[in-house]
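Multiple structures follow.
Next, two complexes with chain A in common: one pairs it with chain B, the other with chain C.
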Partner chain A sequence: MYEDGQVRPPYARLEHWTRAMPAELRHLKQAEAEALFRRIGITFAVYGEGGDPDRLIPFDMFPRVFTQAEWLRLERGIKQRARALNAFLVDVYGRGEIVRAGRIPAHLVYRNAAYEKAVVGFVPPRGVYSHIVGVDLVRTGPDQFYVLEDNCRTPSGVSYMLENREIMMRMFPALFRENPILPVDRYPELLRRTLASVAPAKCDRDPTVAILTPGHYNSAYYEHSFLADMMGVELVEGQDLFVEGEFVWMRTTEGPRKVDVIYRRIDDAFLDPLCFRPDSALGVPGLMDVYRSGGVTIASAPGAGVADDKAIYTYVPEMVRFYLGEAPILENVPTWQCARADELKHVLENLHELVVKEVHGSGGYGMLVGPCSTKAQIAAFRAKIEANPGNYIAQPTLALSTCPTFVEEGIAPRHVDLRPYCLMGERVELVPGGLTRVALTEGSLVVNSSQGGGVKDTWVLAE
Partner chain B sequence: MILTVTHRTLYRYDAPVRGVVQSHRLTPAAFEGQRPRDWRVTVTGGVTGGGFRDGAGDWVQGYTVQGPVSEIEVLVEGVIETADTAGVLRGHREAVAPPVYLRKTAATRADNALRALAEKAQTGTQDPLDQAHRLMAAVADAIDYRPGQTDAGTSAAEALARGAGVCQDHAHAMIACARSLGLPARYVSGYLMAGEDEGPHEAAHAWAEIWIEGLSAWVGFDAANRCCPNAQYIRLGSGFDARDAAPIRGTARGTGEERLDVTVAIAAVQQ
Partner chain C sequence: MLSRTADNLYWIARYIERAETMARLLQVGERISLVPHVGGGGFRNEWDSLLQASGTADGFARKYGEAVQRNIESYVFFDHDNPSSIASCVAQARENARIVRTALTAQVWDALNTAFQELRQLERTERSELDILALAEWTTNKTAMIKGAIDTTLLRNDGWDFLHLGYNLERADNTARLMDVKYYVLLPQLDLVGTGYDNYQWITLLRALSVLRAFRWAYGGEVTARKIADFLILNGQCPRSLITCACSMVTHLDRLAEGYARPTGAQALARRIHADLAGMTPDTIFDEGLHEFLGRFVRDVAALARLVHEDYLSGDVR
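Moving on to the complex of A and B:
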């Protein structure tokens, strides 16, 4: 928000808005926002963080703002990354040129738990494995963004992006008249079009799209039903689908209806008990045979997870150069692989200033934030790393950007990150916005909702 | 050799089921060691589903049967020409990178005893092919061929602890040991034509393949018979373990208890 002690220009226009809002009005508005969130029922935890599914994630009314110029650069960088990740997936399930060229170690790909033998040799429609790429970004300077991680499977949280906007528009219509805020409400239609554009070869009519959910016990069920609603497609569970002949069918009141594209929100392991976990009751028996013979498209494609593994992450800039022949627009956070002896040594010597994460972990659990940890916590974590170095990576503690945030005393800077949702099908699309998560605790760098994080609306202003 | 195969699998449900979905790996691929001449799979009342050649080079074919149904027969009838290639799999088109087959599965996890067995077999030789042959002998010595001692869910470690098992157990133990030595290994399901006065025979057979980097090839090892697959073997498909390589994977919708009856007959055609 600040630059040389001054409020950055995109935020300046919000100054009079906050000045004109006394504390009583602010509390009233905050209560109104919470009531709205409760009423629509958006109470799930983001990013599969677990915890109480009925917990409300704190919503901060102060929006995060980008100029169009800032956004355009981000947009180019995110789309570039999404294209490179998909090229990588097609390659490693095909000839593996990037491995043969020695640009990525073979074991990181082929011995990766997310590498799926069952899809080797298969090129999904339009060569897309990951149709929704969620790229987690942090800002560390006026022109400096770092990618924290890529999410190629089923990134969640997009319903927050849409609902945060909806609620802001309802509560502060004047703000939207006074500021040229680019809309994000095209997202559901773009998602539907993206999914329809990857219908399989055997589909010879307007494709039927369905969202496959594990059910209402899942923490992201609200998002599944919200997206189905917004796109005007069916929300189904495994038991609503069955395989007959060469296709997948959905039970409807008018009889079976063929399904062409399944946007699945369940993990690979549960998709098809004949191919993966035999005890899965969430999937559809025989689904993979239909998929591989071109009778249905599964989005994201089974096996897409190998691209967003934290050990593979290090090589994404290399993918951009290798497949696209371009210089990476977005930078990776410098990352040390504890699996390498020399890098492990550096990590163990500098634990007090590093962030250490589990290679396969997520949700801010099982990580060490060196500068915020006690000596005892660091010592305990050191023992865990030494016991299994290959399971950890380390990154420097970044000076994350802050965004004005409403706190008890008024407005104060709090650290934020950003997850935009890039769509890939016939076209690569990105709506101008994303989900901004904010660390509500002063000084905290952890934005996960399970650890005291909240969410904000994210604005991109037209010039 | 020219071999004929008749493989009948009968599923009987004590209460009619609403439908059956199956995924078959019942059609042998063509390579130097075998060339199918005539091959047919029929499923009573079955609707042919999607079929495709997977990354491992096996033909996978889906079938569905609409219920209510209380009995289903899967019949494989074929004629195939085979040749002895000393167990080396040549001319087999596949795309899976060998290191993928270092993955551990529940059935093939190496415990201390399996690792010790592998270490012992490895001692005294650096040559992976030699190691694999010694491994085959070690597994055959450690696990007696005795049907009825193990079942489909028995792991390699359990079979070794018991000291008895069938071809599935020998293959799992071979795979667990090979992977613990860093050699990619996989499970192969197929058929074996019984000779006259040889060792134990199971017409529906299974063995292991180990990737030999020096040959750039997969080589088969049948610990149950202490030999490499020859012209008496027909290869159907491969996988990480028995479940992954199963010739028939299927499920029925309904509550009926399933009973299975399998008969396999392999014969050489007189020339």
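Moving on to the complex of A and C:
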């Protein structure tokens, strides 16, 4: 928010807003916001840990602000990245040109656990594997953004982007009159259009889209039902679907109804017990056969995960150059592969100032943040790396940007990241905004909700 | 709509209706305990028959043994071991609603979710601070809010029909069972008009169905067993009478059959049940035997519930 001791222009009006808000009012508003979240049912469910199963993700009322110029550059970079990642997926399940050209080591692709042999040679409609690409970004300077990771499977959190905005508009309407904030509420319509645009060739009418959820015990169930509702499509579980003939059908009160596009929120391994895990009760037996014969589209396509693997991440700028012939607009965080002997040596010598992550990990678990760890923790982690170097990558601890955040004493800077959601179908689209996650603990760099992170509304201001 | 969605809607309505019936039973039970009893048994007998009417007598006896009023109140309102307790019904209805959020309006969800959140508050409150009549009233207020939200905001589509099927099936079953528990006081040969006890029992029955005032307006004069049977079984003006419920089930099954362009066995059975009732008089019912008639009706309703499941909710529809 501040630059050279001055309030940066996009935050100017907000500074006045916070100064004019006494602590009592702030507490009142915070309670009101929480009551709204609970009343609408925007919770993530945690079963099996005891206590209240309906948890709230902490919501910070102080918005994060981008100018339109800042956003336009981000938007170009994100779309570029989404196109390159999809080109990569089509390539590696086809001729594998990028591997043949020696730009990416073959074993990283073909030996990757997320590489799905069951779809080799199959090109999904419009050549799109990942229809919703969530790109996690951090800012380290006025014009410096780094991509932390890509999410090509089923990035979650978009319902928070939409609901955070709704709640801010409801609680602080004056802010929206005073600031030219670009709306994000087109997202569900764009998502529906994107999904309909990738209907399989065999679909000869207005495509039927459905969201496949693991069920109401899933922690992201609210988001699944929210998106189904906003798009006006059915929310199905595996038990609601069956395969007959060349198609997938829903069980309805009027008899079977054909489904053309499935936006699945379950992992590849659970999609089809006949093709993947035989013990999966979440999936649909025979689904993959229908998929491969062009009877249904699955979004994201099975196998899309190979593009967002942390070992592949290093090569995304290379993909941009290779497939698009463009210079990458967004940079990667410099990354050391512990699988390489020379890089491993550097990592082990500098553990106290690096962030080390598991290659296949997610959710902020199984990582080491060197500067925030004790000697004992570092030693323990060193042993884990030495036991299996290929399982780890390391990155420098970035001087992450902070955003003003309401804390007990008033306002304080807290580290934030940003996840915009890029849609790819017939067109590549992005609404002006995303999910800002904030590390609520002072000094913390970990923004995951499972580790004490919260969320904020994200504004893009029109000129 | 998805069969699973229809199934959830149908059960939301059944749970809400059941919660309402339980709240009424609590109100009546509380009232009985305030009146010096005439005849044998006193409030214990009354509570027992109320537990029987709700089909929870066995579960209660296993858990608590003797019918102590405070235990009964806890069992009927709070106990999650009792699948028909108000707490169980509200929690189940809300969980079902969470599963089918997309088939409900924001107002309906809000009404269900608010009831659930307030229930959680009540569960955290000291029992000694809670008045059972206030709890019963809280319940009927919440169920009225939910029904009101359904009636004023929901699309008149097939989901609306499944909700109303659930309401009316549950209500028909509840009314019939409640009468059956008390059938002996309605037998004509025990028609001892003017003796305080029987008169009191009849009035209790009408109160349990919240139709005492309605009854007085509709019939006036002396309260007799024949009038009560007529009112609760055959009078289309009574909101909880068997024929009102049957009529509504026919309406909604007809709408579904028309909307889906497919007649079903459930529709045929509902029509048969309704036609049977329409052809009856209090005399034919008492000739058959009230207990026998009610037993037959409850079985018919159970058969109808099975057909609704097979024809619409099971997911095996072809």
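Rule of thumb we're sticking to: the second predicted complex is superposed on the first by the 454 of 463 C-alpha atoms of A that agree within 3 Å, B and C clash if a C-alpha of one lies under 4 Å from a C-alpha of the other, contacts with A are read in each partner's own complex, and residues count from 1 in each chain.
By definition in this document, contacts are C-beta pairs under 8 Å (C-beta built on N, C-alpha and C of every residue); 3 or more make two chains touch, one makes a residue touch a chain.
Being a predicted model, the structure only gives us computed values, none of them experimental.
Chemist: In the superposed arrangement, does A:P278 touch chain B (first), chain C (second), both or neither?
Modeler: A:P278 contacts chain B only, not chain C.
Chemist: Regarding the shared-chain residue A:K117, is it in contact with chain B (first), chain C (second), both, or neither?
Modeler: A:K117 contacts chain B only, not chain C.
Chemist: Just to be sure I read the superposition right, which of the two partners does A:E246 touch: chain B = first, chain C = second, or both, or neither?
Modeler: Only chain B; A:E246 stays clear of chain C.
Chemist: Comparing chain C with chain B, which touches more residues belonging to chain A?
Modeler: Tallying touched residues of chain A, the top partner is B.
Chemist: For A:A106, using the defined touch cut-off, is the partner it touches chain B, chain C, both, or neither? Pick first, second, both or neither.
Modeler: A:A106 contacts chain B only, not chain C.
Chemist: Just checking: does A:V290 make contact with chain B only, chain C only, both, or neither of them? Give me first, second, both or neither.
Modeler: In the superposition, A:V290 contacts chain B only.
Chemist: Touch test for A:G255: chain B only (first), chain C only (second), both, or neither?
Modeler: second
Chemist: Check chain A for residues that touch chain B in one structure and chain C in the other, and list them.
Modeler: none
Chemist: Going by the contact rule at the top, pick out the chain B residues touching chain A in the complex.
Modeler: Listed in rising order, the residues of chain B that touch chain A are 19, 21-23, 47-56, 60-62, 64, 66, 95-97, 99-100, 102-103, 240, 243, 249-251, 253.
Chemist: Which of the residues in chain A end up touching chain C in this complex?
Modeler: 38-41, 216, 221, 225-226, 228-229, 234-237, 239-240, 250-256
Chemist: Would you mind writing out the residues of chain C in touch with chain A in their complex?
Modeler: Residue list for chain C touching chain A: 1-6, 95, 98-99, 101-102, 106, 109-110, 113-114, 117, 158, 162, 256, 260, 262, 312-313, 315-318.
Chemist: List the residues on chain A that touch chain B in their complex, please.
Modeler: Residue list for chain A touching chain B: 93-96, 99, 106-107, 109-111, 113, 115, 117-122, 242-246, 273-275, 278, 285-286, 288-295.
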